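Multiple structures follow.
The following pair of complexes shares a single chain, chain A, combined with chain B in the former and chain C in the latter.
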Partner chain A sequence: MDTLTAKVDDPAAPVTVRPQLDLELRGVRKRYGDFVAVDGVSLKVEKGQFVCLLGPSGCGKTTTLRCIAGLEEPDDGGILIGGKEVTRDPPWERDIAMMFQDFALFPHMTVAKQVGFGLEMLKKPKSEIASRVKHVLKSFEIASLADRKPGSLSGGQRQRVALARAMITEPRILLLDEPIGALDYSLRETVMLELKLLQQRTGISFIWVTHDQNEAFSLGDLVVVMNHARIEQQGPPEEILQRPGTAFVAGFVQGNNVFRGRVAEIADGHVRIETPVGPFFVPFTGAAPVAGGEASFSVRAELITDAPSERHGNRVTARCTAVEYFGSVRRHIFERPDGEVLKYDQFGAHAARIAIGQTAELGWQKEDCVLHGRVQR
Partner chain B sequence: MTRWPRIGWKTRLSLTSWILGTVTVIFLTYQWLPIFTLGLLSFSGPTGGTTFPMNGTSFHWYQEVWRATVMNDFKPPLMRSTLLAAACSLTTIVLSVMAAQAMRGQFRGNSWFFYLMLLGIMAPGILVGFGFAIMMRILGVELSWDTTTFLVQVSWTLPFGFLTMLAVFNRFDTRVEEAALTLGASRLKTFRRITLPLVLPGVIGAGLFGFSLSYDEYARSMFTTGPDTTLPLAVMAQLDRQLTPEIYAIGTTTTLFSLIAVTLCTAGLWAMRRSTSLRRS
Partner chain C sequence: MSTIRVRSAASYWLAVPAAAWMLGVVVVPIVLLVWVSLWGGRAFSTASPLTIDNYIRFFSNQTYLKLVGTTLVHTATLMAVTGVLGYCIAYFLTMKVKSPLWRTVLFLAFIVPFWTSTLIRAIAWVPFLGVNGVINQTLMFVGATQSPIEAFLYSRTGITMAQVSLYTMMAAGPVVYMLNSIAPQLREAAMTLKAPPLTVFWRIVFPLTLPGVVIGQVLVFLNVMSDFATVATIGGNKHALLSNLVLLFYEGSQIRAASVVAVLLMVCMLIGVVVALRVVDIRRLGADR
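Presenting the complex of A and B:
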């Protein structure tokens, strides 16, 4: 339905044309019986953005993607693609394409046939389809596979065919459900880079679902962290890495140490939070937290030092239980008095200073703490 | 004391497979020998009987089948049975694909639907046929091989086709259909271009079930067929009158034809599966 008839039918209906956004979700909700899979997800994707939906399995990221594709109908909320309301439209009427985790190639069609499938559905003339398929196969470097069937292709080749099949109609949005999860580890890095370049070249918005934070943070212009059917935090990768908004995000993102406690005192821009490990001073901006309320904060492992001076206002004493060496960093795992672990990353090029079993005093500056917006229940 | 060399468990495994295979072959031989016997006796000479020893060899009884009198002409019943079986097969295909597709939708009360579909297998054939005949008499419908028999036989063949299609759709990867939908194919186009070609082996299987079950159905046809009989009924009638190797000739011919049909279908299915399997060849 175009917007003109919408206005004629219902004069109160708002004009829904917003060409600046490729995708907008407005409070999308999806239930399966008693299980809430997606709970009030709102999201804005600008033109040509690379968005990563990140979260543990069962957090609702795939269901959200399927709602965008039209493969699931949301119980509540609205979906706009390119400014057009599509909430009740079937998948085949939406300006999207989707790449599935195991690629979902058509086993009975040759590579050329299934890459041309999308154009065939658009009722393009045969000669145009043939030349376009030829061109696309060539640019995806799979021209030699044109007459083969998926059964005889390797994982990497299947991935290319699936991508070519999805991209040939140049949709507004490409939805990718763990698109490199089925590939060998050695292939992933290359494919990630190729996909990022492809996205930048074509200007098509990518919505990429993954549980792998390396993928999300290295690819996404916008990272959306989901948990328990809700969006925990969305923002550019740097913001999520440096300023996690909730205890869940801080714990989910590698290299954070999360502390939970109660707000004991508020004084000159800092709160004193009493935790089972001891008191810590955390800066805050904006509205002051309520004294006596629950609070959590995190500090990144590389901001901790094992030689605290008076600059380091937060201290903790713990015993080292393991050391992992990654080359760039040397990660020490400490056992906190409250039974949880504390991670401390030392610059990898420096000589080791703490041995396993050793008890050390660690410290960090007050300003390195990040106060979370709300405590995870 | 001799020490037997220890046999590895893999060797024992293959030995077990051989033993189990042999048992199966023995059983199959037991199953097929009577048919071979019939086949052999159908080649007896003109004075031959229906028991051993054979009295000469000839194609006499096949010629008898070919130029039969009106009394014991098997050609019209054979024709009717073949047409009936083909019609049952086609109907089974269409209805069972539709029913299985409906089951995939997980609609309310689908378990009731499932049991209702299977009723045709569980109900005894003679009772179904008899009850149907009585009902038709009350309704004033004349019994005939191409109306009443057809209906009652479809009620018998449909559940088998339905179960076959359910099994096929159980292993069907729905993401392939979803991929087609996101590529701009409507539900109908997806069914025609993606679903149907992929489940075609199962569809043919359902059709074969329908054909063979209808072709030799006796109990359900007994009361529901009018004056023009089907092949099983004609054979039974002939058995009542006189037993000659002519019946064996009919049996052998039809067995041969169905063997050829089944072999062709199997070869077709095998070729299809080979070209669509996702495993690397």
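Presenting the complex of A and C:
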């Protein structure tokens, strides 16, 4: 498969300068009876940003997306698309397009008819629709499918048709609900790359909902981690990976070891946190934590060493229960004295030093610990 | 997966009971019917010479031809009324009634009357439509009319009213099924592609339910064409359709004429079904989803 070519529309079209945000959510809240699906979600999406809403199933990410699309009406809060208040506007009056998880292709329409549907709704002249459909089908490499119906297409082909159908109207924002979840695993990486390139070329903002952190971190300019209807943390992938803001984010993101305990002492930029597996020293920035209060911190698995020296101020002794070799890293699963799991990643090119069943002392530098703050609202 | 292969000996043997049954109750009677309709002479005898005189006699009678026309117009009227009404009911039940409990209750309320026979349901309309019937009493009570309306019972209007109530659910049922099989995301996808609700209906929902509409129309067409009971009870002696003519000839021992009308009815129905199949390939239902 080659990459998708050029912009969806005529590449010579003038690019208007839009200084305002593509999307803004202001404290959006949505309830279903007693169940709160989205609770005070605020978000700013700049022009042409790739945003990933990441979270476990039932965290409210899809409901948030549906609120943006207008398929759900929020009980509270405001939604602005391109600076225009659209909170009460129906979907067909919003400058968005949406790609559904199962693609939602119209079974009775041919691919060409389907892709041209959005233009038809915009009341474009027939000749213009025909030529643009032709152009778009060609650039999405599905020109040969023009007269086929969705029933006879493969998963990858359906995905392309759904994307072409959504992109042809050149919306300000494209909403994608787990857009590659229905594809074969082998196809996903290629499609991910294509979509990222397409997004960069067209400058359309993508709001991509996923539960797969690999997707979110490799695609997103901005990653929004959601849990229990709220945003736990939002920021660039590096920030979320390196400085998880809450115990949930740290636990949800792969490769973090989370420790919970009580703040025992605060001294020269570090807090001493007493945990069931011993005391640890954690640096803090900003407001000092309350002594005696509960606290949690995390340390990444690759920052741990199995040969601690004086530099490694935090130590824990644990027994190795499993070793997984991924090529780039060798992951050791340890059982901590309190029964929790501790992960330690060794650089894959190095020789194995710890065998299953072996007890080892692991250590890491104080500065490698990340103290968690409160949940962001 | 079935372990019985297509065209194997076992598959043919398994088809024997059904085939024998169809042969006995469908094919043989139809052949007999056609045969009797071609009998010449006057005697009830298998030795009768074969001729098309019976058909010529039927088609050269203006009254009978008019009756064929009336029957077709009446059936078309019913198809139109039950089609629109049935679609509205089906749409209301599947799209507007959100609570599953209410949906079940309403659906049962529509379905339960079908557990009684057509004849009984037809007769049940008589006390409603009569001069002192429920409808007239209600109309007079409300003050909509001073004197009872006689047009209800023993009239085409009355027959149509009763048949609409009898057959609307036949038009609605298949539509309910088709509406239920439309994924909500399809309508949502159309909406995000800037289609307002009415356009979503005409471009997405209606085309996808078309097979259900056609099947419903076929059911109504077949039932109304063959319904002599309602016409006889509600229409009294004043009104008759093709199916009543069969009964009339039969009671008058005009077995040849009865066969001719029966064959004619059958041909009409066959044409109707063939036309319907040309519009929608019912056998391929659900193949694309």
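Brief remarks on what is shown
Just so we're on the same page, the second predicted complex is superposed on the first by the 355 of 377 C-alpha atoms of A that agree within 3 Å, B and C clash if a C-alpha of one lies under 4 Å from a C-alpha of the other, contacts with A are read in each partner's own complex, and residues count from 1 in each chain.
Note that contacts are C-beta pairs under 8 Å (C-beta built on N, C-alpha and C of every residue); 3 or more make two chains touch, one makes a residue touch a chain.
Quantities reported herein were computed from a predicted structural model and do not represent experimental measurements.
Look at chain A after the overlay: chain B and chain C clash there.
When both complexes are overlaid on chain A, the residue A:97 reaches chain B and chain C alike. Of the two partner chains placed by superposition, only chain B is touched by A:154; chain C is not.
Of the two partner chains, neither chain B nor chain C is touched by A:292. In the superposed model, A:33 lies in contact with neither chain B nor chain C.
In the superposition on chain A, A:122 contacts both chain B and chain C. Annotation: chain A residues 69-71, 90-92, 94, 96-98, 100, 102, 104-108, 117-118, 121-122, 149-151, 165-166, 169, 175 touch chain B in one complex and chain C in the other. Of all residues in chain A, those touching chain C in their complex are 69-71, 90-94, 96-98, 100, 102, 104-108, 117-118, 121-122, 149-151, 165-166, 169, 175. Listed in rising order, the residues of chain C touching chain A in the complex are 183, 185-186, 188-196, 199, 203-204, 207-208, 287-289.
For chain A in complex with chain B, the touching residues are 69-71, 90-92, 94, 96-98, 100, 102, 104-108, 117-118, 121-122, 149-154, 165-166, 169, 175.
Every residue of chain B that touches chain A in the complex is listed here, in rising order: 173, 175-176, 178-187, 189, 193-194, 197-198, 275-281.
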